[in-house]
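Take a look at the structures listed below.
In the two assemblies presented below, chain A is common to both, partnered first by chain B and then by chain C.
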Partner chain A sequence: MRTAGGIRRRQSRAAWFFLAPSLAGVAAFNAVPFADVVRRSFLDAMGKSSVGLDNYRSVCGNVAFQLAAVNTARFLAVCLPLLMGISFGLALLVFRRDGRGNFYRTSLVLPMVIPVAAIVLVWKMILCRDGLLNQFLTWISPLEGWSLLPGGGVGRWEGRWETDWVNGITAFPVLVVTYIWKNAGYDLLLWLAGLASIPESLYDAARVDGAGAFARLRYITVPGLSGTFGLVLILSAVNSFRVYREAYLLAGSYPDMSIYMIPHLFSHWFLTLDVQNMCTASMLLIAAALSVAAAAAAGRRAWRRVTGR
Partner chain B sequence: MRKMRIYRFLSAALALSLGVCLLSGCSGAQGGGSENGSSGKDGQTGTVTGENAGGQPDGSFGSGEGASEREGIPMGRYVEEELSLPETAGQLSYITMLRGRDGRLELYLRTPYDEGIEPEAWRYIRNGSEWQEDAEWHDWLSREIVAGEVSGIPEKVTYGQDGHYYFTAPDDDYVYHLYRVSEDGSVLDLFPEVFLPKAGKAYGLIPSQIDVAADGKILIHDMDYIYCYGDDGTLLFTMDKISAVSDTSVGYIEGEEFVTITDKGVTRYSLANGEKLETISYDESIAGEYGESNELFGDGNGGIYMANRKGLVHVNRGGSLWEQMIDGKLNSMGRESKHLSVFLAGDENDFYACFTSGTLYGISICRYTYDPDMVSVPLFTLTVYSLRDNSTIRQAASVFQESHPDVLVDVRTVAEQREEISEETIRALNTEILNGKGADVLVLDGLPADAYVSKGVLMDLREVFSQIQEETPLLKTVAEDFTEPDGAVYQMPSRITIPVVTGLPEAVHAWESLEGIRDYQGEKPLQHTRTYENLLRQIAVLHYQELFGTEGLTLDHSRLLVYLEAVKALGQSCGAKASFTEEEQNRYHIGSTVSSDGISGTGLYFDAGLADSGMDKISEIMDFGYQEVILENHPEAAVDSIGGIYFPVGLVGVNQATANPQLAREFVKCVFSVEVQKENLNDGFPVNREGLDSQFAVAKSPITFGLGFPDWDYSLSAGYPGEESRARLSALLDGISQPVIPDETLMKMIVAGAMDYCEDRISAEQAASAIEQQVLLYQAERG
Partner chain C sequence: MKTGFVRWSFARCRKNLRSALCGAVCLLVWLPILLMLAASFMPEDELLYRYAEPLGAGREAVRAALLPSYPAVSPYIELLFRSPGFFVMFWNSCIQVIPALAGQLLVGAPAAWAFARFSFPGKKQLFFLYVLLMVLPFQVTQVSNYLVLDRMGLLNTHLALILPGIWSAFPVFIMTKSFETIPDALMEAAYLDGAGEFGAFLYVGLPSGYAGIVTALLLGFIDNWNALEQPMAYLKDLFLWPLSLYLPGIAQDKAAVAFAACMVMMLPPVLLYLNGQSELEQGIAASGVKE
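This part shows the complex of A and B:
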């Protein structure tokens, strides 16, 4: 006679059995390295002797780390809302339940599948001193000495536009545009999946009740996408760290100070075998990310308490 | 339910087998073999661990307990034995070595190429273990020259398959003659019209090799083709060969066939009609540096031997697979100081090689015999990592292997000389180092040596260098500059080069300070340099410590401003630009090459009257030949170094995690030994005092060299510097006091930040701020 508890135990054992390979992989490739990172953040460069909290003091006081952390935070703060807003807007524009609009969806997703090196080559052709953008601006702005900004950093020089868009004050906006252009398609797909999961009957009922387009967006679409929102936010933040590839290929390992990111610093630290700094900085970043997540969760709980939802 | 159980059992069995397969796939099949090559070769046993790793105190691994490890190991290898030379060989120049009548080994030498010496030539014949001078031949040749039957000393000599000796010699008009010598000693000048200059040409045919077939057909090689002439001087056909970069060629006749090297590989021609019979390709791993640096000869059965610096390989007739007979890494063949001139097969399953040195003085002849008791492949491997090829390290590897027959020194390089080193390359090395692996010996040029020192990657070699200083001291300044305050020695340069400025005394003096360069007001520019990047790099390197401090970790804003102004002032005075179009490069003879230290060799521009001074990097005595001629042309000129600056080259360090610490230390000692250091390999001056003195003791070299610009009607020819010049150069080397190892990242930051200023886009202050920001960030990263 089998009891319900016995069946549960057997099912549980089977579940663990089939989960084991995956768990072993996670342990081998994530948990163990992470534990090693934690350990190394308290050791010297070659991991031989303990230095206590010296690495944390050193990294926190490191000007390069401060700059990289601030730039990375600024990049996230600017890019994430922009990316999410633009991709959401695009999703609303191309979403059709009848399957139409495939051409637009494909067009918007295309940048995602183009190799970064090829993208960067095109960007360079457009943005370098002799690039297409400067040629275009020279053609449309005949005024000698005209400058976008005081100081003449961006503008005409000896009758021509010769702005180096990726190495001056325009570097940050250029990187933001690059990031959004590359990633908007991916977020768009996530939003579309979210939109498709909202039952059409809700919209039909709202229309019957006389709700307009904005009301339907506010009271059906946005609440219906709350789960998708979290997913898009996390994946966009993760993808933002990959923008280093574009930054490196566009402007080299020491770019303009405004686009000097955490990955730049890590890359250079690895060249000089400052592994202890990399581990410490990683721990600090993880701590910062967890703090933000905890704050967000607390905010969400508070919001629920206030609104009763 | 039963069915379900069977399914579960099958699932579990499948999962288990999958896991087992995965785990077995991850395991090391060879066991014990480590990737960095510190293990035995080809999975053999014998990983060297611990101090001396069970080897002998002298570093050998061939006896005692080690011998038992050799069971089952392939045995047999060609070993090298250096043969004695004729007593006079040290004072004479080399012509050739060949197998002459009756297969005897013959060596031809001549008096040095010097205007003051009456040209003479000698033939020596190998008899047993000695060379016997063929006095009769010497007298015969002298008589023939005096009588006008022969135009001069032979340059190319061959023993034809028709049983006659042939040789070529130029006359006073530099027209070559081909002579056939009969057995009675009579000489015949064969078809002289072939060698006469064609209409509109200054020179006629210059033969780089002669081959004669049994039926009397004569093959004459020039730079690009091989011409086959009949006995009567009729041109029968022409064969392709690989274009030569020197005055030598390659090929041999066997029966009715001729074998040479073409663009596609080793090609066999029919001598009946010049038809190409077959071409056997070969890959880079066995190829010589260029076509004529190979030696070809037959095995008597249609097979082909090819010898070069990589060793000796053989391919059978009809085959395409090259079999390695001798590994050049394990003997003199791979030595940088030796140039393989001739490689011949002996009669007793042996081979003979003749090597010349770079100066053409000092030859060595080696015999290779098969030793069945020698292991085929060395049991142990010492890995040496270098970003770029380094002649001194290769020389040391070859010398080291001769004294350690059981050790293979595997010199790994990752980039060509002028190829830019990517950060990925260094990251890959760092990954190995962090894993406790990596090469045993590191050549630190281009690597983050300071980081390696501070992170404890490099071994403290103070005991090794203390021993070296006792036995064969290094230059005091160099040894002191690379000794840490606590007495530790982590790295030491194997060679040094120095920058030398030649020009008017006030111009030479101006180079000593940034203000001097900036404020120089001469009739002509201080230096003629067209490329801003070279100027930026050059002046930064010359005043490196002034700009970045002794540790390279500070940046003085005011000095940076003066530096930028100095570069701009000098650039403007000589019309420098940031970049040039292809048309401008051709018109002004400007190369697009940028050297890492910016010293592009501008001494000749001073001589040509385009500047008041010029700067050259002197890497060997021969380089100073230009300075000697320039000083002769301009008696008012001076030559000097800049503030005792020198550039360390070939910095050697040992990986702390090496599995072969004793071998690595022995190798370092070998690098700094007199035997390695005394060789002039064109990569810098020795840091070993005895090696340096030994190079300066060489009084002459027949080599001359020249530079010129036809459009400007300017040329400069120079030879080996005389005693006075050598003494001057020696004094400059004695005065070195400041090592400069420019940080390429800093250089790139300066160039990137200053270029807009050089092109008048921004002010000096803006450029200085941009550079300063980047440099401060770079320094902040390093803590």
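This part shows the complex of A and C:
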């Protein structure tokens, strides 16, 4: 008993020794200033007198904040299922137990590595008003006066397509596609790792029992990937805020309303040094993240109770 | 005999379909890259003829090509020998990225070791804090960082990007996951052989967690090399800008070298990725288990 306690104490002291440099920096750059952020979110613009919840009321009532929050939520709601579905499909397509198919894997991960600033010129090449996409659409639109999308909202039809894909209502799907192009590779690697961790013997047994390809997918692959699912979801959500880089480089700091997101709002507030608004909005975002995490944890507990695992 | 043939041709068909699908998806990745590569070898007049609109030089139909009509290395020569601005920005990127990565290794690896191999009071809560910091978008921590950097008088210096980069939470997470996969038996053997805590970390932990460390550094490099939000917020002076912030404007500045500059900027992360690919796959795989 005494030795066990002794070992634990020794371990504990060594752990703090290893942690100290990292903790010091995290405290200096995040924890301590965070206290200041909390304080400022309750103070007036000068940082002198307390205004209670007025800042929260004004930020929540701010039209730009509402727009940015709704757009960000919508972007996540559209992108996360799409990205996870597509990358899962690609993983099933590329996965080989013998480790072959390396070229496909390398190719699919490559977009993750390519700097946004570099690839953005190619996106412009494709999406600009006389770009490749419009040329292609003109080419496949057989008759003059006939448009793929009626109403003229997307394609102004004057014999040829001249849609400005980046500045307009189509900016949202454009952003979704560039996001998926860039991030599918990362999720693919996570899925592939999950697939490799499912023992082959399970599939063999199922095959012997006469399970078809779909049944094997439904009853072995999908349950076997439940652990991977959570991580893919979290990391995809983290990466989704980085789509600001594409949005900024394609459409500038005043983009179409449909892709005005939280990062745009923060960079505007940052330019005007609107510290108290930024502090308040940061608090709101952290609260949102924590409540999503709490909901997910509760959901997982409930799921475990139901399935009895 | 007949059923055998049918089954054989069916399997064959499915295999071909699979290859075709894989090929089509890969084409989606490779086409933009090849377009860029071809454009980087075009002389200025051909560039302006083909890509006037994306380069911001007037409206003319884009005439894309996968091979230049008049291949030339002049853009690269112009870029590497006659564009001092590009050189400065390239070094700025290096100055901002490499120390941050070295710091991540020095500070983050021991922290990850503590999370992975020790039990101590408050470990769960602390790790949750790190995960939270990792998950929160830059914009949330931006305010905190800004307040500190302002107080320290570091705004508009390279350190404004390096210091917060060192204490990024993501590498700690990745390395922790990778250190967790080291078998206990290996560590016990090290302790039995008389290794101290630090020796065990240095001689057993670091080599065994190699894949995780490479993964953390590689992903860190990619992220920092791409940094846009941080330099935009913290750097006022143009001569401090990294490549990632300067490159988008280069088309207005010097259209002829724009694509060559893109290729040069792409080169370091792509080469690092191709070299560390197997480690990256292992490291990401380790982060997926035991969620």
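Rule of thumb we're sticking to: the second predicted complex is superposed on the first by the 287 of 309 C-alpha atoms of A that agree within 3 Å, B and C clash if a C-alpha of one lies under 4 Å from a C-alpha of the other, contacts with A are read in each partner's own complex, and residues count from 1 in each chain.
The definition used in the following text is that a residue touches a chain if its C-beta (ideal position, glycine included) is under 8 Å from a C-beta of that chain, and two chains touch if they have at least 3 such contacts.
Everything numeric here is computed off the predicted structure, so don't read it as measured data.
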Exercise for review: Please indicate which partner A:230 is in contact with in the superposed arrangement: first for chain B, second for chain C, both, or neither.
Suggested key: second
Practice item. Once the structures are superposed on A, label A:260 by its partner contacts, choosing first (chain B), second (chain C), both or neither. Key: first
Exercise for review: Have a look at where A:270 lands relative to chain B and chain C in the superposition and call it first, second, both or neither.
Suggested key: both
Check your understanding: So which one touches more of the residues on chain A, chain B or chain C?
Key -> C
Check your understanding: With the two structures laid over each other on chain A, which partner does A:63 touch: chain B (first), chain C (second), both, or neither?
Key -> first
Review point. Looking at the overlay, does A:291 come into contact with chain B only (first), chain C only (second), both, or neither?
Key: neither
Review point. Now for A:46: first (chain B), second (chain C), both, or neither, which partner does it touch?
Key: first
Practice item. Answer with first, second, both or neither: which of chain B and chain C does A:25 touch in the superposed model? Key: second
Check your understanding: Residue overlap on chain A between the chain B contact set and the chain C contact set?
Key -> 17-18, 21, 267, 270, 275
Study note, to complete from the structure: Interface with chain C, chain A side, in the complex: residues 8, 11-12, 14-19, 21-23, 25-26, 28-30, 32-34, 36-37, 90, 93-94, 101, 103-126, 128-132, 135, 181, 186, 189-190, 192-194, 196-197, 227-228, 230-232, 234, 237-238, 241, 244-245, 248-249, 262-263, 266-267, 270, 275, 278-279, 282, 285-286, 289-290, 293
Point to revise | Residues of chain A that touch chain B when the two form their complex | key: 17-18, 21, 45-46, 48, 58, 62-64, 67, 157, 162, 167, 253-254, 257, 260, 265, 267-275, 277
Study note, to complete from the structure: The chain C residues in contact with chain A across the complex are 18, 21-22, 25-26, 28-30, 32-33, 35-36, 39, 51, 53-55, 59-62, 64, 106-108, 110-111, 113-115, 118-121, 123, 126, 129-130, 132-148, 163-164, 166-167, 169, 172, 197, 201, 222, 225-226, 228-229, 232-233, 243-245, 247-248, 251, 258-259, 262-263, 265-266, 269-270, 272-274, 277, 280-281, 284-291
Practice item. Would you tell me which residues of chain B are touching chain A in their complex? Key: 12, 15, 19, 423, 426-427, 430, 433-434, 448, 451-452, 454-457, 745, 748-749, 752, 761, 773-774, 776-778, 780-783
